[in-house]
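Mind looking over this structure? Questions follow.
Note that the chains take the letters A, B, C and D in the order they are written out, and that residue 1 is the start of every chain.
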Amino acid sequence: MALTPEQIAEVAEAAAHRMPTARPVVPALEAMLAQAIPVLDHGFIRVVDYMGDDAAVVQSARVSYGRGTKAANEDRGLIRYLMRHRHSTPFEMCEIKYHIKLPIFIARQWIRHRTANVNEYSARYSVLDREFYVPQPDQLAAQSSDNRQGRGAVLEGAEAERVLRLLRDDAMQTYDHYLEMLNEDEAGQPLDTSRSGLARELARMNLTLNTYTQWYWKTDLHNLLHFLSLRADAHAQYEIRVYAEAMLKTVQAWVPHCYEAFADYRMGAVTMSSQMLSIVRRMLAGEVVEQAGSGLSKREWRELMETLGRE
Amino acid sequence: MALTPEQIAEVAEAAAHRMPTARPVVPALEAMLAQAIPVLDHGFIRVVDYMGDDAAVVQSARVSYGRGTKAANEDRGLIRYLMRHRHSTPFEMCEIKYHIKLPIFIARQWIRHRTANVNEYSARYSVLDREFYVPQPDQLAAQSSDNRQGRGAVLEGAEAERVLRLLRDDAMQTYDHYLEMLNEDEAGQPLDTSRSGLARELARMNLTLNTYTQWYWKTDLHNLLHFLSLRADAHAQYEIRVYAEAMLKTVQAWVPHCYEAFADYRMGAVTMSSQMLSIVRRMLAGEVVEQAGSGLSKREWRELMETLGRE
Amino acid sequence: MALTPEQIAEVAEAAAHRMPTARPVVPALEAMLAQAIPVLDHGFIRVVDYMGDDAAVVQSARVSYGRGTKAANEDRGLIRYLMRHRHSTPFEMCEIKYHIKLPIFIARQWIRHRTANVNEYSARYSVLDREFYVPQPDQLAAQSSDNRQGRGAVLEGAEAERVLRLLRDDAMQTYDHYLEMLNEDEAGQPLDTSRSGLARELARMNLTLNTYTQWYWKTDLHNLLHFLSLRADAHAQYEIRVYAEAMLKTVQAWVPHCYEAFADYRMGAVTMSSQMLSIVRRMLAGEVVEQAGSGLSKREWRELMETLGRE
Amino acid sequence: MALTPEQIAEVAEAAAHRMPTARPVVPALEAMLAQAIPVLDHGFIRVVDYMGDDAAVVQSARVSYGRGTKAANEDRGLIRYLMRHRHSTPFEMCEIKYHIKLPIFIARQWIRHRTANVNEYSARYSVLDREFYVPQPDQLAAQSSDNRQGRGAVLEGAEAERVLRLLRDDAMQTYDHYLEMLNEDEAGQPLDTSRSGLARELARMNLTLNTYTQWYWKTDLHNLLHFLSLRADAHAQYEIRVYAEAMLKTVQAWVPHCYEAFADYRMGAVTMSSQMLSIVRRMLAGEVVEQAGSGLSKREWRELMETLGRE
């Protein structure tokens, strides 16, 4: 399960003792501060704090542009303009902090996004819990035959069972041995008072990469949207995509105008090369264009036809 | 003058309509949200928003260390430990956003600190006001004779008067010509309807570097403290130091434990090289050490003696 | 004038004493190391050093993908694939360092790109030269009437002459007064030995924003291309665009495959929102689509029609 | 083992075909380009490329200061001055790129340093080798009893043997199962043609954290020195410290003046708080100071006495 009893008490206390502030407040996101949104079998995301709202994006843009108008529908239009033209600095004026629990192999993908602040649970300092990710049967995919970093059909029958058993048994066994090397039982008591126990910073290396870790992760809205555009994408690995999708819900609650503009101009958008664009122009002019002679490789041609819904 | 009438109205409205939040709230800093702290002749700093407090630093550190203790005096001790040992990531979990008005030549120093988010007033887009920095007489310093980037004695008499007059007259004249090239009067009306007016993005180049600009500047507490350690230092140029000093007051109101630890372990701290340390050890052992044979250059020796109060 | 006599000597010495290296070497860029490419009336860019080449991008990608193939045409294909799919990290493995001389108001635009290393000439420490930017007559544009940050028609006749004279005279006068306040003549000698001279860190504030400064600017290829995509764009201010265009030539010499992919997939590319794409699909299916009912604002409709060449 | 046959061939070819360059060349580091320096049981570091040298640091500082002097002993003095006064930007003008092979749990520590460019071997895309870290007996340390993130005495006898056996057996078994789930043998051939094999991006999660990975890691000299000051420190975990120590040797070969200044002013330096400094001053004045009444906590007092060699 997700939060510790202490964290639950902390959240409950904050929810019960709301204090007045002159800063921007977003009631829809305030309602989420008390929740950990479950992800995968033992993970979660939880909004810990936030700074700014849709109006803060607009306010920053207006410092730059020196404008004085303030009507709400203009706010939406300005945000859409900023998103469309990739004026990123006003979106950097909002900040959000999450508490996230996730498997280590996903944490390793995630951390490649460098423009964020991170405090991770230290397995040098403390002992990790016996929690590890095992996929649901419908996510137990074979290697894709045509995409070296993709998934194919779902494994079934004996192969699926065998894989699940191996994942579970190896994680249990390596965790058992982790505790044994530490000379600790599940409650933190020595197993054998005549032994010292291996240093935590060494024993941790025996754990498998599906062991759960947790961290505080804080970033600004611009970098968050960039992260989500990559990780909520269909090409992202399923196990990180579900985190990104849970975070998208928090963005929608927090900054609805930014979310809408992001959905239209980033998530749903396509980029066409100069060659692709000239083919579209020729097609619109009534010309019949074939891959041969188009200047596009077969792969690019296929990508373009999919984009145009001509498959 | 500092804020525009619109900004004053905005601040007053926020102050009047405080809303409840479950996020950390710092009453001492809330009280400052309504204020623009004056700096130099026309500048100011103003806290626009903040995220986190002393407890948020502790909370992040405890995610890393998995600790459960919570007593307030332990919070102070943990913060001091983190500061002393330069564990910087927990301090990155707090964020602050300022609205700042400052002369352009100071903005150019400031912007070298890259780990921040910035939205500056655009003189491509809008017309700058007739506001420029002129030093107070007691800041009209001569070039230092022994420090190429420092100040010497204060100028006096005819030389001081001449300098002040040149600064004022040149700023007024270049601003007059700026408006003339724009073909605009002070109220934004055309001076001569038969002329087009030069593009704003070009006309701005005629302004002097003491013209005021303004920006929103947002950073995390760790990077803010690094900025302040350099810019609130005695070696910093006076005109940026006064901004840093005004910001220090906001830090003290916001995160008093962090501020105290910063004052003790960073602002008031000294770093000694291995050579300097071995000299101190020899002196403590009763040895009389001279610069010649100390292994230090004359300059370093002088620095060490000053540090030790032996001058 | 561009380089100092010392810099010219330094460059000539390096060119004359080439040394052998086992690192990647790009002869076409080596040839440019000795050159300062002139930009504007007194500015230049000059490549000081570089790390990596097209093959280094491929090599890094192949560490990630564990591949073993090496044929040259595959290199081109892999680079195009990386660019098309915005796999940015392999491009970060190349680095370039420029020496750039540019007007201060352009330096202020430039420095907003934070992911770079910069060492700028210090006017706290040294005296700036009497060099300032004055536009060529064909660049003396009026304010655009429909784009608040754009240029309209070129000014002509008396208005143009008046603008040029004001720019020149104000820059000359403020520079004269700068020297007078410093109590220095053009050769660095005191004007009046009975005066002290104002501190350099103060006197500089009297200079106008078209004064030239210079810096070393170093960045990786990914961030350089991002900079160039914004600053070599038609919407960028002319005075920074000419720097970006000069830098594009160095990129073409340095990493020709990356340059080609960048030209096709970034500079010449367009991004369509989900709404725009669905309109293109409807048009390709033979439907007549009008702005009214398209779901696009007038502004977006106009942008789309321009993109499709239907205006 | 370290490099692949292809990498060895690549390195040999580059070493054999040195090409002339007008860029700064450091013969001592060129000699290392062909070497992989072994670290731990299967790891290594190898310099792939570099930009700049001691003179490049000086050159950048002189752009800032506008100075013209060039004598070699002045270079050393200027570098020492820059290091002592934490003028970091000139050090950012040098860049280095390493190829590094390291255990995953160390890679996770390493990647917290965000100011670097990284391309890591992708286990989504390719299959990892059967290589994992097992400590040497003299590094098989018990948990420290007084430092929660430190090591105590070395384990001996049966406990040591048991730990080594568990680490080896669990790594072998989880790797065997990794291949079984992938349905691949060690040579990449299917084990059973009737099975599909689990997707690589999933199967990898069964590996233990001591499995080796590899990456290209590129950073500037300033950030490298910061990394080394933390990771070559006695408080760093042994398994990352040995990488840092190997890298220190490359820094010494590359930029000997910077290395010397770093050793004196950073690695060997101590920082004293304002309270500590005032105690030192009192002691130098002949006063006997005790912890009680010193204003220092017991912990800080102990740290100070150690620093002063009074234990």
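Here is the rule we use: a contact is a pair of C-beta atoms (placed from the backbone, for glycine too) under 8 Å apart; a residue touches a chain by one contact, two chains touch by 3 or more.
Worth saying up front: this structure is predicted, and the values here are computed from it rather than measured.
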item: Any chain in contact with subunit C as well as subunit D; value: A, B
item: Same or different residue numbers at the subunit A/subunit B copy interface, by half rule; value: same
item: Result of counting contacting C-beta pairs for A-D and A-C, higher pair; value: A-D
item: Subunit A-subunit C separation of Cα centroids, rounded to whole Å; value: 34
item: Distance from subunit B to subunit A - Cα centre to Cα centre, in angstrom; value: 35
item: Subunit A-subunit D separation of Cα centroids, rounded to whole Å; value: 29
item: Residues of subunit D whose C-beta touches two or more other chains; value: 65, 89, 112, 118, 122, 125-126, 148
item: Residue numbers on subunit A that touch subunit B, as the complex places them; value: 6, 14-15, 17-25, 27, 30, 33-34, 49-52, 56, 59-61, 63-68, 89-90, 92-93, 95, 97, 99, 117-122, 125-127, 214-216, 218, 220
item: Contacting residues of subunit C [partner subunit B, same complex]; value: 103-105, 107-108, 111-112, 114-115, 118, 122, 124-126, 133, 135, 139-144, 148-153, 155, 159, 162-163, 166-167, 170-171, 173-174, 177, 180-182, 195-202, 204-210, 237
item: Footprint of subunit B on subunit D - complex, ascending; value: 65, 77, 84, 89, 112, 148, 263-265, 267-275, 277, 280-281, 283-284, 297, 300, 307-310
